[in-house]
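Lettered A, B and C in written order, each chain numbered from 1.
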């Protein structure tokens, strides 16, 4: 398995960084407590380094933890994570010199839910899942089955423009080229084809399931406000009760606040327990920003944040 | 095997049998205490309730500004005053700001009385030393006025009260009365006086140490900002008060007021249910220091 | 109260009969993988093929995520009129509640009955009949057996159905269940083979729970490590302080009370809240649990130390939803198993 050698290299580099005192923390992934899951590993202890893993289930965006840790951090970053880190650098929330970015070129992360559905099996019945190029091999009861990778990867991975981190200190693994699939825009296109009334009913149905757990906001590395606008009481922008309209407005305002900083990493949609297609909104916002300003968030740490500066050539025809 | 204390004797007064439904009360008078604190005198719309309503010093209630929300405040009047109730509120957020905008005649909701009270049986026959800082006097006022209305049941009464500046002193009319009274010794202090201030200057814990009230058959009752309370406890112990003879009342963010919404807990105790009045002895044994 | 049995093919008719007297709730799959209890549409029986718990806990039928407490109307400037919501007269029947969720309701009862009776929760509770179904294939995140539970536990419900293949064996445990059975059709007698199959099915499902948790010394271990900030900071490091574990937990009961008003008419609402949120305990001058490790410690200890002190029972039924749904796979079972014996 190609991931194994990357893992070994990662453990070696991470261990060295801690021993040499170059970082205070290592942030990476370790095996989760359920099959085919991982969980973030945040440690100062060199003995924990052997628990670091790289596999197709590294779902969290670890850049989120940079806001909480004080000191120098060695952080494992997939392509999308490194873009989030760049977004944070652009916003001056993280100092580049305090980071050692262990870049991991990523071939996409597998959605266990999609896989279970396609294989018509619960994860408890699956013995092993491995990735071979454009296929995913699923071992059920000793027998291997092949599934097309494009059908079991998360949608955010199908739209990934930078699978190899653009910003890194150490690159662990061979750089990869982007393989973008139009399937990633499936939900966006479906919505664009609907008339406004039907879009309204679509979102009413989706956001009626929202419980305002804020997992979307909290798993996002770019949502770093000390006090979120939903927590303001004077004035109270939206109620704290999970009424579908307010749930929807929360998401819309969140997207507007993140415009130019959101990299469509998909962490919000993966975190949502109610299966709400949040990426339809983030992807659309990302595309709008790209169209209007030719700006892709998180690609160049030397650039100022999009919404914090102004060019004379910016579109202005909406100003009357 | 239940460890929860029995408070079934406190079940009185739920409106229409529903513990969350507030009684309607009408504001009768508004008093400006400081530039951000007001006292509201109110009485129940239901005259029968006003006649029969009773509570004990130290209890609080949840007050509603309909359409804005509910907030917990102590009942700052004494239960000996039968024709009205009082609460004193500092303007810090949504509900308190809305409350400050109300005038005489406006209706508010009242749910209570909730919480435990100062242990009157334990205090009777003893000397009392009240130590209050800033708006902490609000929580003690009910007890002080109750004690003054039953003066011969208590021995010596000392009050040490301080605030940041002279303009932050609450209940000036009460302070005047107590200063003029021969049955109580009161010392008022401010952290920093102004050109008109002729009284003492100094932080409450320090003034307390200087004044050194007698601990003989005495109980100390303390309330103020958390920092002040924490600095006052060691001073009281140094003066000779044992932890069971130091009483305080704690403040926490609350919503239901009846031990169900889970918000105000310190360990397994709910401040709204098992408090807000606690002895220092109990506080020292709290499993968590989060108060 | 002898056991009876019923063929799975007759369940739709049984529910239709009950539907005349009760509002029937059954599990339903919404949007791919979000399963919850909804009002029965009159014909759906897909849930009979399910073998484990719904995603959304049954507590939401008793403690909804948003609930009206009362209404008020501004009659004149500063004058209000209050009105209670009308009480739902139609009785409810929940078909397919799992043992962990049913036990969770008895745990919640203790809080809502204590001294001040909570009218909204308790009226729903007395108004509802629970029909439990045993799990035949629990999740790998389930650990009900560690907490005095069992995937085939017939207690805490009015009727309990055990899946023995094409049929369910029905056991009554309460008077209300007995009454319901006596009025129901399509019930057959149970024979020796059925009883054996029931026992075997129960044993088989119990064996499928692979997780373990030693609860014997838990309270002591947690009390000992309570003040160790470094330990809790390490434990809490990867938590993102969202509300998933609390909102989807069948025994979590923290709620918020808020008012809303538009054009003189308004209402007071109760909504589910979470002790994981940073602003949960915020006061104007300070926030006792502003630091994440304090909130994580409070959550764990509330369930495994404080609730047992107050009510004698651990406020957890091992349903495993918090583990399955957590975006960072924070695992309370693992945390508790890894507690040091000595500080």
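The rule is short, and it goes like this: a residue touches a chain if its C-beta (ideal position, glycine included) is under 8 Å from a C-beta of that chain, and two chains touch if they have at least 3 such contacts.
The shown structure was predicted, so the numbers you read here are calculated from the model rather than taken from an experiment.
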- prompt: Relative to chain A, which chain has the most distant C-alpha mean position?
  reply: B
- line: Comparing A-B with A-C, the one with more C-beta contacts is A-C
Task: Taking all protein C-alpha atoms shown, work out their mean, then name the chain whose own C-alpha mean is nearest to it.
output: C
- prompt: Could you state the distance in Å from the CA-based centre of chain B to that of chain C?
  reply: 39
Query: Just how far, in Å, is the C-alpha centre of chain B from the one of chain A?
result: 50
- line: Between chain A and chain C, the Cα-mean centres are separated in Å by 31
- request: Would you pick out the residues of chain B that each touch at least 2 other chains?
  value: 93
- request: Scan chain C for residues touching two or more other chains and write them down.
  value: 256, 258, 260, 273
Statement: Residues of chain A that touch two or more other chains sit at none
Complex contact set, residues of chain C against chain B: 69-70, 72, 74, 77-80, 82, 84, 111-112, 114-120, 223, 226, 253-261, 266, 268, 270, 273, 275, 280-286, 288-289, 294, 298, 301-302, 305-307, 309-312
Of all residues in chain A, those that touch chain C in their complex: 32-35, 37-42, 59-60, 64-65, 68, 113, 117, 122-124, 206, 209, 211-215, 217-219, 227, 231, 239-243, 267, 270-271, 273-275
Field: chain C partner contacts - residues on chain B that touch it in the complex
entry: 1-4, 7-8, 10-11, 14, 16-22, 24, 64-70, 92-93, 102-103, 105-107, 109, 225-226, 251-253, 255-256, 258-265, 267-268, 273, 287-288, 290-291
Task: Report the residues of chain B in contact with chain A in the complex, numbered from low to high.
output: 93-94, 97
Query: In the complex of these two chains, what residues of chain C are touching chain A?
result: 30-34, 55, 65-66, 137, 139-141, 237-238, 240-244, 247-248, 256, 258, 260, 269, 271-274, 277, 279, 292, 323-325, 327-331, 333-334
